[in-house]
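Listed below are the structures to be examined.
In the two assemblies presented below, subunit A is common to both, partnered first by subunit B and then by subunit C.
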Partner chain A sequence: MTNEPSTQSGQARLTLAAMIPASVFYAAFFAVPMVCLLVLSFWTTKSFVLIPGFSLANYVKVFTSPLYQALMLRTVGVALATTAIIVPTAFALAYCMRFVFERRGQLILQVVLLSLFSGYLVRIYAWRTILGKQGLLNSTLEWTGLINEPLEFLIYSNFAVVVTLSGLLLPLAVLPLYSAMLNVPRDHLEAARDLGAGRLHILRTVLVPMTLPGLRTAFAFSFLLAAGDFVTPSLVGGTQSMLIGNIVADQFRGIGSNWPLGAAMAFVVVAIMLAVYLSTTRLIRWVTRW
Partner chain B sequence: MDDRLRAFLDAKLNMDVSRRRFIQGAAGLTSLSVLGLSAQARAADGKLGGELNFLGWDGEHGGNVAKSFLETNNIKMNVSFQSAADEALTRFNTGGRGAMDILTPNKDFQTAILKSGVELFQPLDLDRIPTASGLFPAFKDAPWLMKDGKTYGIPIIWGDEPCVYNPKKWDAMPAKYTDFADPKYKGELVLLDDPFGNIWLWAKTLDMPEPSRLTAEQLEQVLEAMLKVKPNVVTIGSSHGDMADVLVRGDASIGIGGWAYQVVIAKEKGVDLVVGSPSVDGTFFWSDAYAIAADAPNVDNAYAFIDFMTKPESNAALATELASGCTVEAAFDLMGADIRGMFPYDNVRAPGGGILGTQIVVPPQEPDGDVVGASSWVEAWQTFKAS
Partner chain C sequence: MGVSKLFGDTRALEHIDFRVEDGEFVSLLGASGCGKSTLLRILAGFERPTTGTVQIYQQDVTQWPPEKRPTNLVFQRGALFPHMTVRENIGYSLKLRRWTPSRIDARIEEMLALVRLDGLGDRAPSQLSGGQAQRVALARALASEPRVLLLDEPLSALDLKLRQQMQLELRAIQKRLGATFVFVTHDQTEALVMSDRIAIMNNGRIVQYGTPRDIYRRPNSVFVSDFVGATNLLSGVVGSIDGERIVLQTASGAFAAPKGTEQLRKGERAVLSLRPEAVRLHPGTGRTAEGSSVSGNIAEIIFQGNCVRIGTQILPDATIWAELRDDEADGLTPGDPVTLSWAESAAAVMKEEPQ
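Showing the complex of A and B:
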């Protein structure tokens, strides 16, 4: 009994010591660059020269420009639409892997993750091949006689961006959800059923609460990565699908670049996306507590 | 076309479009026509050797072309490639000063830097680059490389950005870029994601007196004209390679701001494309140059390198590697007909920079009186893309 406090404090010291490498890594490669970017967002630029100072002009521009406002809204919309496809699909897949095809769960997981072995750009170009005017989907539909002319909305549109992003990010959402699903004992579902709970009730009061950490991570992967992507909109988005990430990237390259403005945009985007993410996860938790 | 050259070009199609041209890495081509060339060079004081720091576009360091020169003179080249035109300036201002020797700015960036008065390049002593006397007339006194009577660069390659189109759909291009607003082009156009090139072209087609110096009102007019074309645009290619892919897949049939090499790669995929720009408006030209950074630590090596690379054999080999126009007159005859035929050399046989000298595509970096600066052009282009 008398040794317990000293043992606990020793363990605490050990835990702290174990955290030092990761903390130093994050401080050096995440916190410090973010602070630098934050400082930069208050600077200005003139004739290729960065001028240190404290100006809110960049933030004022971001919040008052109709162009940036429209792109922020479009970005949130595309990211939410993508997430709305990915998370339920990944959830259903993880459920099947855990409870329906339990023996083949690991195998299915490997198949799902297989797509990650190919390059990011390769996968985007593959979607272009599928969705293009003369692509796999249009050709098949024409061959079956369902359409006479190619469906033009399939490629170079917001639809194409959402579909492509969903395809790209789905494996990343399956991983945390399957991991969370493994922690749900089959007995709990059976007990709920025995007590007369319907499928939706079980989903809302058992499955979702018990997989909430996995859901949060899947949502974060889907929503935040979709909102920050600028390559996919460039390659399959056409002329109506530019997202805020494309504008931020433009500020950091070329003759007309404006790093401080780009930094301010990046922080505003991060703040908005975090707000949407936190609101949505709270909403999910609230729904499960009815 | 040589298989290795083709593989080379294919591998590098997806370059950053801010470069306004395609060049590719130098790995792979080792038997170009420079092997018999003397690699001896002498510094002003008779000594060469040590290090040479290169920061420029991928391939322009002449990894194969300059190999014998570097070995013979015991020069170790430290190579860094830039991904955007302004990267050299960023590095220069963030600790790179005094550690950079050779830079390869493009025409637009060098124009902007020299006009803005920002220090990055040092004036060249042309007596130390005797081979520069062999440049095409247009490049000998290129105005975009000169300031206050001093020369700040030696052109190494050049080219243009024509329209590339499918001849099965179109007999010819219209006379002017504004003609692309005709509904018959709906779903047929792909543009390059290049704010300056596109806005300049539309300013020219609208007969603006100085297409690179626009007032806010003129820029608005240009944007309006471009937006009339936008319903016909399928997508905006992130690179020339991406544009070529869109054309080859048949998702569009006309590429605006393209590259002659797109015709070659399309042919290999069984698709016929041809080059041809609007007869009245034409297109614009680009060029890259070797420059020496201010406070360069290895000036002797830098001068000797530029002098070597400006020899006809070196220039022909580099231009061939990079599928670009050569800048040295005697290099023209050393190049293959397929590469030579890609670019309109009549434009560089006239003195004073030729059409490259009169075409200043880049706007002023900062507003100049009523004339808006580069950031306004970028914002207008973003508005176009987002509308």
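Showing the complex of A and C:
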């Protein structure tokens, strides 16, 4: 080490100082509310009045109620389906932007970003006009004579929820994947090819491992955001496509609300989603081992 | 082995036709943009020639993709897989070829010993120095015993001392394996030091292909003599040609030189090329016994450590540089009248190139 100790500690001090604003913000607006919510999840209610205490009743209810179990399963299913559409699509798009379009990839990035500016609700409604009974898709199909009456499953169904969520969250997955791809030099792909690897091998042993951080972020964005969404199911979902997010949201508003139960549900959801996320990233690592 | 190729992509490469013998170390030497890397990528299979063929051991591989070719490429910046250890990098091609684990391990050890990195097998590429990383890249490319190893300026990112050491090492490894190497470089010293033969490239063509000695001593064009090593150029008109001797009339006198391979006619404009180290310098203006001579005044003296370069003005617009040992230059100062002389055989006459 040739650095003088004084400059080193000076640098460390500077780094710490730079971290203060973010730390304060996180502590005030994330950590404190989360702790409050955690405490709240052990409270109970009686005729809409909160009773402080330490009770596991809420958690027991979440785990034993068949309704909640079914919702939880459906949520994981919908989120996984959404992710299964988004991540490969975004990966392929990011790959093309980086290695096929090269410089013009930046232009595509602008378009992708532009779609984010158009607003969350607007985009959900846009999907409604596409998937609706008299929507773009159905009328086109009817016009071409491929179908005689509108396809029912297109709207107010799990299908509609998955498709809409995929459309909404795709740009968020493209961003981290594109930035990860930018860090992969073309040389490395060519080196693998030169050494005898076919396309699938290059993908599995070089491209995926080298973009793993981006893949993880893309997976987290699409899976966790899809699992937590409750606006999309209520706008394009049917009676059978309510997600756990809808129930959690219901516990915090209007008649029949139950904050402690909602808090307990929220923590269970977080735990389950984290478990799924961690095991999936493990799985990716296992598949791409060399 | 024979790589022969005819080629007609006017933008990058034109009519390249060359052959590399089995076990030969051939360098493609040229300035950036001369097409040397494109040619290497054609050999590797990453680019397809517009016309012409690539043959390796009498087999036409023009349409073969890189992963099927018996060639491996060492990249300029190594291109080691960052998520794999040194060992895994070297064994990559072997595992793809489904070698048994014990055979792979043995081969990896052999390769590590070859590039003198024993014991570093479990390191990550990020823990290696530049020189070590290039050794691993070399080992990785050699592990599957390619018939031809292609190297794309693999030493250009290293500092001078390390580069010189690696040049000798690379040459030694090539000799020991008896492998065929095609090495791309823009560094003429590197090419001279390492190669059995050098192909000098300019504007997408191979302008001269020969042994380092041949190219240095008998450059066939002004471009080659200027590009490889330093040289003095004097232009003039061909005066007479008799047998093996050619005389050039220049503004500072008539100079003779051995007849080169190039066809020159009497009266044609031509250039005399003379290496600075072949020029001798004598104080005063007296004639000397040696072949050709010319006198002038010293214009510049440049000390270079191992030698001294002295520029002598022989005409208002012509300076001839001579390279002397430091002690030989003692007592010389700018303005001194001197006589320069050189052996006839040290000069070469070649066609003047339109600029």
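The rule is short, and it goes like this: the second predicted complex is superposed on the first by the 282 of 290 C-alpha atoms of A that agree within 3 Å, B and C clash if a C-alpha of one lies under 4 Å from a C-alpha of the other, contacts with A are read in each partner's own complex, and residues count from 1 in each chain.
Operating definition for what follows: a contact is a pair of C-beta atoms (placed from the backbone, for glycine too) under 8 Å apart; a residue touches a chain by one contact, two chains touch by 3 or more.
What you see is a predicted model; the values in this text were computed from it and never measured.
When both complexes are superposed on subunit A, subunit B and subunit C sit side by side without a clash. When the shared chain is aligned, subunit C comes close enough to touch A:V206, but subunit B does not.
Seen from the CA centre of subunit A, subunit B and subunit C lie at an angle of 150° in the overlaid model, rounded to the nearest 10. By the touch criterion defined above, A:S257 lies against subunit B but remains apart from subunit C after alignment on the C-alpha atoms of chain A. By the touch criterion stated above, A:S55 is placed in contact with neither subunit B nor subunit C. Applying the stated contact rule after C-alpha superposition, one finds that A:D194 touches subunit C and leaves subunit B untouched. When both complexes are overlaid on chain A, the residue A:T44 reaches neither subunit B nor subunit C.
In the superposed model, A:P185 lies in contact with subunit C only, and not with subunit B.
Between subunit B and subunit C in the chain A overlay, the least Cα distance found is 46 Å.
Listing the residues of subunit A that touch subunit B in their complex gives 46-50, 67, 70-71, 125, 128-129, 132-135, 152, 155-156, 231, 234-235, 237-239, 242, 246-247, 250, 252-258.
Every residue of subunit C that touches subunit A in the complex is listed here, in rising order: 44-46, 65-68, 71-73, 75-77, 79, 81-84, 88, 92-93, 95-97, 140-141, 144. Chain contact summary for the complex, subunit A toward subunit C: residues 185, 187-188, 190-198, 201, 205-206, 209-210, 212, 290.
Considering their complex, residues 16, 18, 83-86, 89, 93, 108-109, 112-113, 116-118, 187, 193, 195-196, 230, 233-236, 238, 242, 245, 249-251, 362, 365-366, 373-375, 377-379, 382-383, 385-386 of subunit B touch subunit A.
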